[in-house]
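Same chain, two partners: subunit A is paired with subunit B first, then with subunit C.
For the complex of A and B:
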């Protein structure tokens, strides 16, 4: 937990929920785990207020809590979730674009509530739906006003629409189940589980084998405790009917594998919106408590990044094919591992792969084409199949796939077992994305020679200055200048290897090396700091014109600003809107960097 | 002097700073040479690079974020931190801290101003109690309407009051044992009203003693004393829970009424005098002048 992240988290909470919570959160972050009464003393606030604040923070998932068997409850901050407060804008934009307005209304509601039972989401939703249209708060909303939202066809049947949206969100894992373990720290969960397993553990094995068996049991139990899946794997009374796609019977018609939102095209193709509701009265139990799964946003964003990379390298038509593949994979993909501690590269789960079936892909592509003809909006809203026609891949699409399989990027690779299936290996692609991002930063800060040196060192490992000079084809003087700059900025490091015990400088070898992990951490730290500065700047700017803002927020002025405020005040407010836009936009861009460097 | 400088400057080492005998005092004569030895400016010119304009989708994100934020801010949970709530190191609270003497005085137009929330209003929505620690249950659901309470009945022998007991030794020490017993007995009899009988009667007495001098206005926010809070008043948070925003009352007034050495209490001065003298008399006077 770094200082700048702590700073950023409390600033985010302050911006979203208010200073009161930020004060409690910051105290918890700086002191670690505390009892409520200790927290009250440290915060200089009465216990009752602390309890109210903690209740809200727990509801929003920003604070862990743990009760011992003696009944003492301690609280701990959850910086991971606090950081996610940067992302609701991106989430809502993405959800609205891909799953429609009803889905975005649901997500808005979830974001407001923290976590909530499905029943509550369903009821509150209708009222929220009307108000969810994005309005630019700008008084003179010139640019952003064009973000008009296409009305959905199922408008007259709100329940169906919302059910469909909920289902869609669940299938994509954007909504996940909440368990009690999610309110505990990982260590607490482990301890609890270990105790539980220890009590019921019976084994005949001895020595290391016993230990291994025990550890395995614990891992299993932990997995069960923190399982967030709603739809897959298990089907209980509270769960949705299992919908995991089966690759083997992919040709089955009708195909309920991937219910998609009926939007626009559905009516043309004879899609009956009641289809999913009819056989699905127990689709989601009302008492199932759900929350938003931010890890999923990273998956979706990674896909969009990959698609834009393909567009940059191979062109539009290839990227369309690739997009179809990635969208097919989405529902089955596991979440990227959440590690805020940033372990070394090797610790990440290596093979986040998934297979894609050619036949399914052909279907999607075919729909894609037909949909394109109907309107220019994204293809995602297409229904899953049309009249049961099985599609063959066109030769063009096949050649696209071949090209995508090529070195050096290998966006796709053929499955070893089945010749007509393809695999996307995400981890090498993520590393590639990450390196590309780092190179981009270095290029922006220095020049192309610096990037060249870094790439050589990344490729070759540790190099002597002489060898480095030969490899990068630069004169010694220039090289040294750039090396010094890079070292000063923290991108490169120098290792001394003495040839003798005396460690004379003349008899020592100096090796330059580039450690991607260290650089990554450094960049992430700097990005956190930069984001925190953005929020601080926002605060300062807001304080400067506080009186005008307060005036515009008065109950008799609000909504009638143009009539009641003076021209100068309107100008000030407009300027403030612009500034805030810039700063929040900048924060969003920095957040993209965090996605690439930390979350992919 | 200037001649000497020139002569030196004309030498072979000029410009490289190799020969630099004696103090160089000829800045006015040779500005170019001397500028290299001057200290760097404290704030050098930094080339400004303008970021790329925000794209449509980025703008959408920003607007979504602002929209959601305004929803939260207008909702029941957004809470500001007032300096007057914070206790100092000795546990004392300065009611006047953070008060703006220029704009802070109550005025008519203030009633349109967005009210500041000092305590979140938790009563606006149902909660899934099983995800919260049990010590917060009474905060979230003071009326015990949630079915989760019944499931916990036998497991939780000492509901709220005793539960808060467990949290801090300090409080347990300060509370007489009699009260604890009373509380337990009370919990056995009724579940709706959490107030301890003894403490409640105590409080009632205090309220009576306070009388009409200090009107107990629900909307008026009073300062609070941390010591007091930890000690007695926190024992019955549930009564206050029902009127959402109000901060816990304090006993500072009552103490000063007893004549505990606080002769000059400015607040009392105004509060007490308001009804009797100033308003009536002033009104009459004014009326008189108007009529006259």
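For the complex of A and C:
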């Protein structure tokens, strides 16, 4: 966990929840795991207040907590979730664009509450307009939009709409279930599970085999503990009744700290299989607690990026085809591994691929025009048949697909096993997007020659100056200048390979190389820092005109600013709003960079 | 010049004839070699004996003859690849030169000669001959005065003193090839040629479709047959317009499903820059060729294109040079390589990243940018326009922090901190002005 990220997380919490919570969070971040009492000491605050603050932070999913068997509860910051606080605006934008207003109303509600039972989300229309606590700019804007619809007079219509939207969000994994394990750190969960497994573990194996078996069991159990999917496709009627009973037990939740399905072992409770059987719209159990799955937002965003890349390269009609393909793949796509990304050292998820069937695609494309407005029903995914007619790809569509399969981008490729299926290999595409982003930054900071050098080195590996010069067609002097600049800025590195043991400089080969991963990490760090600076600058600007802002926020002035404030004061306020807008806009753009560099 | 191991002492053996006979023999041998071999060939002992010039193939006689030729500078010794010693023939003219030279001078001359078009560096000469610097300098001076050698410079080591035979031109390695003029990389030439090539490749790698306004023969090409019921896919509004393939794609017509042409697609973005594009271009629409299209330009085509149109004044250019430039263009993301066959047996083809409309728009923008910066009228607007175009979306490069020189030092409570940052003030002013500009005319 880097310094800039810690700084940024605290600033985000301050922006969203206030200074008090930010203080607690920052203390937890800098000290690591603490008991409440210790935290109170470090924060120089009374225990009562700390406990209150912790409760809020836990509720928001910003702090992990864990109670040992002796009953001592310790707390630890959750920077991953804290970072996600920067994303509600984009989330709403993407969700609304993709799934429509009803879905965005649900997401708004989830953003406000952190996590909520499904039952509460179903009533979202009628209650959404009341809650107005989140300070985020974008949310408020968007919420205003969404409430105007959800508050529409047609009383019974929204219900269906909301149900559809909920269903759609679940299929796409945007909404995921919350389990108790999600409030613990990974290590704690592991420990607990290991204890549990240890107690019940019986095996005849010995030695390493025993260990392996044990580890396997533990992994399995952990997976169950943290499983987030509300996967109703897998569910069968056989486990329906016991599940229901379990859920009924958990129905009324007295303990705010343990609101989750504490018996959450089976994967499929919460889904009412009758949904598939027939008419019941009540397909999700009302008591199932869900939250927003930010990892899926990255999927949505990646898709939109890919689509715009296709538009730039091949044109609009191609990108429409591609969009249809990507949309069809979305629900099946495995989560980009929760790579807790704060440890950038961690392995990134292996290439996620997914296949799309031609017949299905044909069908999708056929309904293309309507596809956008009406977010579709799960039926369209069942098979390639509608009313017994198998859809065929039109020749146009097929030729589009073939163009998309072309080198060097390979937006699509044909499946090796089934000739009529296509595969999207996300991992090289993500790398492409990432590189493009890095090149863009280098181009903006330096010039086209710098990008050329970087691309040559990326392609060819390590090169000495002579070879590099021949490849990039630049004079030695210019080349050296740019190389030095790039090295100073941390984009390039130099390796010395001595030809003799004496390591004489004259007898040494110097090789330039470009390490994309290192540069990526550096850029991520810098981006965090930039974002933090934006927030800090906002604070500075706010402090400059503190008195005016305070005046405008007085209860007797609020709402009547136009009338009660002097012209100069209004000007100042307007200027400040504009600046805030710019800075927040910039934060959003920086977040895009994080998406590309870290989350794709 | 180590003597061959197996040879006898340099004096002629018992069977040697008189000096006069040897003289004749030598001349005969030399003439025979001149007739049968060229100057580049290295003659081995067997070669020389094969000619029946030497009576009885007597090695001692041969040794005497070659030694005499070497003394006359008409033969030059060489190592054979298989080991042992070989000889090269030297013309009388070259041999004559040696005769006038002192021993040091002739040594220096021979080194310079042996290095050929690569040129000889003074230090190399000195190292090879183990002579004193002064002697080498003196010899070089004499040789220069006599016009036997000339000085040259090499691209790789511009500061080195190099010499080459007066009659030779420095080799490609030394001059740097076609891209160098007087030993300096010719940027202008590169840029200009890259532009021309990009335009040419672009013309050949996008399928141009003309609007129905200009052409109404689309129906003849069977577009109408491909029309299906309205729900068969894409926006029928675009499709219903008849499209016609451009002339140069007719050959490829058999390979492409003709319906792919129906997907007209405006590649240029509908932004203000189109206003500056000439009217004819606005009517052209470019779509990608279908997969498997095999008429993208190849290296050979492009080299011929450059040479046939005499784009480069200084004369012909080789495929090697063009390939170098194309490689750079690939790295500049102007073109992409396309392999015609997966195994790479067919030559690589090149496809432009942008279509002609976009390229022209780019040039146009650059042109205007150059103009307006001079006039300082709306410069900011154009700069912003370019910035937006180049940047696409994305942060980091826009805010001051992205290019802050003291970014690493910036810290809350430090000497440089977000509070006292001067760049932000500047930035606020800058956006304000661009926003005003934008509101005036640009709609993004």
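Keep this in mind: the second predicted complex is superposed on the first by the 490 of 600 C-alpha atoms of A that agree within 3 Å, B and C clash if a C-alpha of one lies under 4 Å from a C-alpha of the other, contacts with A are read in each partner's own complex, and residues count from 1 in each chain.
Simple rule for what comes next: contacts are C-beta pairs under 8 Å (C-beta built on N, C-alpha and C of every residue); 3 or more make two chains touch, one makes a residue touch a chain.
This structure is a prediction, so every number in the text was calculated from the model and none was measured.
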Touching partner for A:582 - first (subunit B), second (subunit C), both, neither: both
First (subunit B), second (subunit C), both or neither touched by A:196: neither
First, second, both or neither for A:65, with subunit B first and subunit C second: first
First (subunit B), second (subunit C), both or neither touched by A:440: second
Contacts of A:540 with subunit B and subunit C, given as first, second, both or neither: second
Partner chain in contact with A:455 - subunit B first, subunit C second, else both or neither: second
Those residues of subunit A which subunit B touches in one complex and subunit C touches in the other: 582, 586, 588-589
Residues on subunit A engaged by subunit C in the complex (per definition of touch): 7, 313-318, 320, 365-369, 394-400, 402-403, 405-408, 437, 439-441, 443-445, 448, 451-452, 455-456, 459, 466, 470-475, 523, 526-527, 529-530, 533-534, 536-537, 540, 578-579, 582, 586-593, 596
Partner subunit A, residues of subunit C touching it in the complex: 156, 179, 184-185, 187, 190, 226, 228, 231-235, 238, 256-257, 259-260, 262-263, 265-267, 287-292, 324-325, 327-328, 331-333, 336-339, 353, 390-399, 401-403, 407, 410, 412, 417-419, 421, 424, 428, 431-432
Touching residues (chain side subunit A, partner subunit B) in the complex: 15-23, 35-37, 40, 43-49, 51-56, 58-59, 65-67, 70-73, 88-90, 92-93, 96-97, 108, 111-113, 115-117, 120, 131-132, 134-137, 143-144, 146-147, 178, 180, 183, 289, 550, 553-557, 580-582, 584-586, 588-589
Subunit A-touching residues of subunit B, taken from the complex the two chains share: 51, 54, 56-73, 75, 77-81, 85-88, 112-114, 117-120, 122, 125-128, 130-136, 139-140, 163-164, 166-168, 170-171, 224, 226, 229-230, 234, 237, 240, 247-248
